[in-house]
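What follows is chain A paired twice: with chain B in the first complex and chain C in the second.
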Partner chain A sequence: MKLSSRAKAVSQSFFAIIIGLLIGSFLMIIFGFNPINAYYALFVGAFGTVTDVLETLAFAVPLMLTGLTFAVGVRAGLFNIGSEGQMYLGALAAVVIGGTLDLPFGLGVVCATLAGAFVSLLWSLTPAILKVTRGVHEVISTIMFNWIAFWLTTYLIVYHFGDPTSAERSIRVLPSSRYLILFEGSTLTTVIFVAVAYCVLVYFILWGTKVGYELRVEGSNPDAGRYAGVKVWKTTLLAFMLGGIASGLAGASQIIGRPPVWSFYATLGNVAGLGFDGLGVALIGRNHPIGVIAASIFFGALIQGSRYMQYNAGVYFELVRAITGIIIIALSVPEAITVLRRWVKK
Partner chain B sequence: MRIALGAISLLIVFGIAGIFGLDSKSILEIGLLAMTPLALTSVGEVVNEKAGLVNIGLEGILLISAILGVVGAEFFNNGYFGLLVGLMSGAAIGFVFGILSIYGRADQVITGIGINVFALGFIPYLFMVIWGVPGIRVVPAELHVPAFSIFLFRVHIVTIIAIVVALFSYYMLNMTPLGLRIKAAGEQPTALDVAGVRVDRIRLFAAIFGGALCGLGGSFMSIGWFGSAVKEISAGRGFIALACVVFSGLEPLLALAGAFIFGLAGGFATTIAITPGIKETIPFYFVNMIPYITTLFVVTVAIGKKRFPKESGKPYRRE
Partner chain C sequence: MNDSITPFISMMSIGKIYPDGTTALTDVHFKVERGEIVGLLGENGAGKTTLMKILSGLLQPTSGKIIINGESVNFKNPIDALSRGIGIVHQHFALVPIYSVLENIILGQEGVKNSIDLLSSLKLERAREKIHKLIEITGLEVPLDAPVGSLSLGIQQRVEILKVLYRGIDVLILDEPTSFLTPQEVKELFQIMKNLKKDNKSVIFITHKLKEVLEATDRIVVLRNGSVVGETLTSKASPESLALMMVGREFQPPKIEEKGFAGKDLLKVDRLTVKSDFDTLAVKEISFDLKEGEIFAVAGVEGNGQAELVEALTGLRKAESGKISVGGFEVTNKNPIELFRAGMVHIPADRHKHGLVLDFSIAENSILGRQWEPDFLLTFSRLNLPRIRELASRIMKEFNVIAPSIDTVAKSLSGGNQQRLIVGRELSKRNVKLIIAVHPTRGLDIASTFYMHEVLIKMKTAGKGILLVSADLDEIMELSDRIAVIYEGKFLDIKRTSETTKEEIGLLMGGINQ
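Let's turn to the complex of A and B:
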């Protein structure tokens, strides 16, 4: 029973991906592109050489973390789409600590990483508290916080932590606070171990502890949760906190764990959008921490491959995010396969 | 209580404006422009939610229809046709959302998130394939639908349409058989079904109606208000409109009032950003936060005790 429901979930994810790619190819055809060339280029760009695979994994790092933010929220019955803003603050904190404190190597990395996670955690607490005390819907509050975070972060980069030699970016992270590059010539660093470890940790919290169990009960069956005496404020806060840390790590990973810039663009270009991509990652990964890791590699491949696709097939890389949206929409219709089958039979 | 709150915020806004020497007429004029997309979107969503559908993809609809409105205006070489194209693209997305929610029994929140993410990718892509520029397009002046002056006070035709639509929606929901059916589709779909009314058709109508109004709001932003289109043109307004809906407790006239408050916050911010002497002291980064902080403040303070329709957001299954 359990296996078959899992098989059904996996087949739904594949079905959604196929729908997304089909509608994506339709959007290419109407503007005169060849989808077969484009998808071939995308695949080659993502997996063609060892370096490409490493780049795909490097993109998977922030995606698994932002995906985890949304996934933990859904497990608790919440739609936490504040990953984007939390990530900005996390990245900013990492660049401030990593760029100003000259600590011995190791300690510098740890401090900058923790700073990113902690500031993002603080930023995620306000929507959680508004939800618990005033019943403010988290979709509205987290989006408002995303925009406030955007303007606050750009302001701080431009006015207080700007690079004196280059106006378009922040100060650079000192070498002692940078994660080590795993393979020469790629941008994959040891930060991937932190990301995977955090996903596994969240898996153990959700499936191995009492409070994690309560969180999942609250998400899957609030009535049962109420009868069992689950405190909603506790599960809501926990979900936001676990998610906030994940997004903070995601932001930090792109600053102190991603060569070659080692600084934060004032346009927020090195992290912008990764929070929203995480929504697709979480849903394809069925909101399960381990599934999220697998899904993040798929979306990492889409992003890495899309740059190659633009270069070789002329299809602009932005299309990939539109495909993500289609995949999310397809996943929102759980009975799509059944409905389609019935319709084909007719 | 809401009316009192609205009056107080009005006084505060104009009081602060007076102290700092801001132009109250400019705040009101820009505020009415900023109110328009919020009012159209939130009134449409009120009808939508009354019928039992919750569409949080409004942000994406605003963005897509704002850009497609410009595409349409340039194609037909007529700004008013552009507004219409925006309205129709909104209606089309509302239709797809309705089909997926009603017949596909979709999780409506996830569908809405998907619409928003789709717009985030589709719009920059469209900018590149149609205009070959990354993310900004100035609408040619002859296609711009500008505001007109009544006694030296500038008002836009779409603003008037938005107010009329809010009044009409109030009338429709409370005084017509169709309104009764829309409300029943959200509260007691089974009873409506037993009475021989197709719940699916009522809900689909509401979804298209809501999408169309949102689409008009979107194309108004690019063609009627800014006179240009950027890939972040919606800037969270879809979610501010959702805040209006929460504030209104699903009453179209209160949604209009909410949109007016949020619009004024926007007008206030814009006026600060262009007033000499003040714009130098307050960095525009903080001015840009004003609409979002106002939204958070209003939803926190004025959270409605009003009950939302019982079957809101749930697919209707025939027994």
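Let's turn to the complex of A and C:
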């Protein structure tokens, strides 16, 4: 039955994707495009050549991590939308360490990565502690922390870690702290292994350890959690920490694992929005770490393919965003109903 | 009964296969006449709930059809069924605890789509009038303005019934409505059913208690393994014939051994005071002790503090004052895990709220509350999955949990099988000393109830202490050594079972102390 309930989740996601694509094609017809051509272009753009596939995966890397942040939160019964801000700080820490410490190659990469993960984790702790000690709702605190992170990061890049030769971005990451490019001509680096490994690790923690079990009990039925002696502060903290690390890695991956810039734009342009896209990824991935990996590849394909679709079929990029939006709505309907029910019950 | 040729409602060759491949019903024929009370009997997992969910539009049958007044109908959802006059009150309620009784009754009603509409006082007043009338006809007394969360399960059930009746139905389906009612409440419910019958409404009544079905119904239908195996007029039925039909073989209730020996003090409760969710005192300075090898029963009408008492004992609720100790160690306000460590196990009253994670599999549920036990852990607190699966299989086998596999989600188990899973998990723990069993046989069929009683007696004989909270007076009289009657948060009296009668306990439960 576990299989079949999982199969149900997968089929629901597929169904939503198909609905999204269908409504998308109506939109295209309305705007005078040929949907078959457009989707063909989308597909070819995303998977047509090896380089396309690699680009698709490159787009998927940060999304699987920010998706994971949200997914772990939901599994613990939390609505942690702090990924965006945590990610800024992760990216910042990675550029600061990777751009200033000249270490031997392997060590440089490790230090910059760990710095990103660690700073983001610290950043995520405050909302967690506020929640545990004062009962502050995580939606409120994480939104506030996203804004604080935005301005703090912008300030630090502009005034303290700016590139003296070009004002619009930060110092560059030293070559010794950059992930290796997997194939010449693509922007996919070895950071993808870190991302996937982290998702798998989180999967093992949630389904294979005592704390992970407790976290899922708490998220699925808090009353049963009390009955089973689950300590809420523990599961809340764990969910925020696992999520914080994921977002930190996501931020770092875009700075030290994504050519060609190797630095952080003062507009935060190379990471902005990825945290929020994670919500959609988590939803399509059914809040399951492995599902999130698959969903992030789907999102990556949409982004990569839409570039090709735009100049081959003439369909605007915005339309692709609309399609993803519809897919997310189609998916959210059953999910939203259960969430609402739980809220009402409280 | 009605003599017309076409029955009022008839379900024709209904078959149901759940998406996971479980065949719950095959070729079931079932009819209901106007003004008739039909009893639906069957063991756990026989398909009673499934059949009634189909009749009330919650499930679609895989095959077969439903005919009302000679006209074939197709229910896509419960609203369709309600509009054809069929309403169900479930084994588990779906009320909104923070809303008042009145609001709960009219919520989801035409014109009342959301909480904003609830604010319209005109609508509320009109509804109030209509409900008052219903209460008058049926005798379903409820406090209309109290929040539902503050009411006992017995009263909540009345709210559920009113909620369904308010929609103007002809057929009321009650799925195991008596499992948590006191004898008095059961009597009242039967009266309500009779009143409905007088009003030319039909009632379908699901229960596991033969006595009840014989007392309250006109006709009885027996399901076994998803098929109808018997149908009889109640006047022609006997407990023996019904049991034979249900189980397919004859069987004997277990012999209950001599009782009345007891060892050392195991549980000591000293002037325990506990508050309710609404900040009133629910338990007022209760003191008692429970000895090894003793079954100590707490009888009482639901809502007199027994829930809070149990929650305080099991670490789910804070004790305001007083002391609790188990085996000489003080455990007041300890975390449930520490209580489990001290040898206490808890079969909770509400299996969906506390006892199970419905979205988890049987295997995952089999370590709920036991996830810390070293038996199930490897280094770094990793779960020992093979061990857990082994435990789950053992529980399924020993406690006869019927399901396709240990990976089946708890949600898809029948009510009785969910209970067996919980009981199995709790009683298969190591070094059990004290069992807090709240309605342990609720929802269990006759054979499982007997089995459960046997297990409890075995535990008692092995020197364990058992605190039995039950609404079933027969069960209490049969099993317990002593009975405490709880009334308005206090023990009115503690009696030796051998020195009292069911009638006396019944009176005490009503607050009458001669």
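Please note the rule applied: the second predicted complex is superposed on the first by the 319 of 346 C-alpha atoms of A that agree within 3 Å, B and C clash if a C-alpha of one lies under 4 Å from a C-alpha of the other, contacts with A are read in each partner's own complex, and residues count from 1 in each chain.
Here, contacts are C-beta pairs under 8 Å (C-beta built on N, C-alpha and C of every residue); 3 or more make two chains touch, one makes a residue touch a chain.
Everything quoted here is computed from the prediction, not taken from an experiment.
Q: Would chain B and chain C fit next to each other on chain A once aligned, or clash?
A: clash
Q: So, does A:Ala46 touch the first partner chain B, the second partner chain C, both, or neither?
A: After superposition on chain A, A:Ala46 lies in contact with neither partner.
Q: Who wins on chain A residues touched, chain B or chain C?
A: Larger number of chain A residues touched: B.
Q: Look at A:Trp147 in the shared chain and tell me whether it touches chain B only, chain C only, both, or neither; answer first, second, both or neither.
A: first
Q: Contacts for A:Ala76 in the overlay, against chain B (first) and chain C (second): which applies, first, second, both or neither?
A: In the superposed model, A:Ala76 contacts neither chain B nor chain C.
Q: Between chain B (first) and chain C (second), which does A:Leu279 come into contact with in this model arrangement: first, second, both, or neither?
A: first
Q: Looking at the overlay, does A:Lys8 come into contact with chain B only (first), chain C only (second), both, or neither?
A: It touches chain C, and chain B stays clear.
Q: Any idea which of 55-63, 109-117, 289-297 or 433-441 of chain C is the one running into chain B?
A: 109-117
Q: Following superposition on chain A, which residues of chain A contact chain B and also contact chain C?
A: In chain A, no position sits in both the chain B and chain C interfaces.
Q: Spell out the part of chain C that touches chain A in their complex, as residue ranges.
A: 19-20, 96-97, 314-316, 335-338, 340, 346, 348, 353-361, 364, 367-369, 371-372, 377, 380-383, 385, 403-405, 407-409, 412
Q: Can you tell me which positions in chain A touch chain B when the two form their complex?
A: Where chain A meets chain B, its residues are 27, 31, 79, 81, 130, 134-137, 139-141, 143-148, 151-152, 154-155, 158-159, 273, 276-277, 279-280, 283, 316, 318-336, 339.
Q: In their complex, what parts of chain A are in touch with chain C?
A: 1-5, 8, 208-211, 213-214, 216-217, 220-221, 223-224, 226-229, 231, 344-345
Q: Help me check something: in the complex, which residues belonging to chain B touch chain A?
A: Its residues touching chain A are 56, 59-60, 100, 103-111, 113-122, 124-125, 128-129, 235-236, 239-240, 242-243, 246, 283, 285-286, 288-289, 292-293, 295-296, 299-300, 303.
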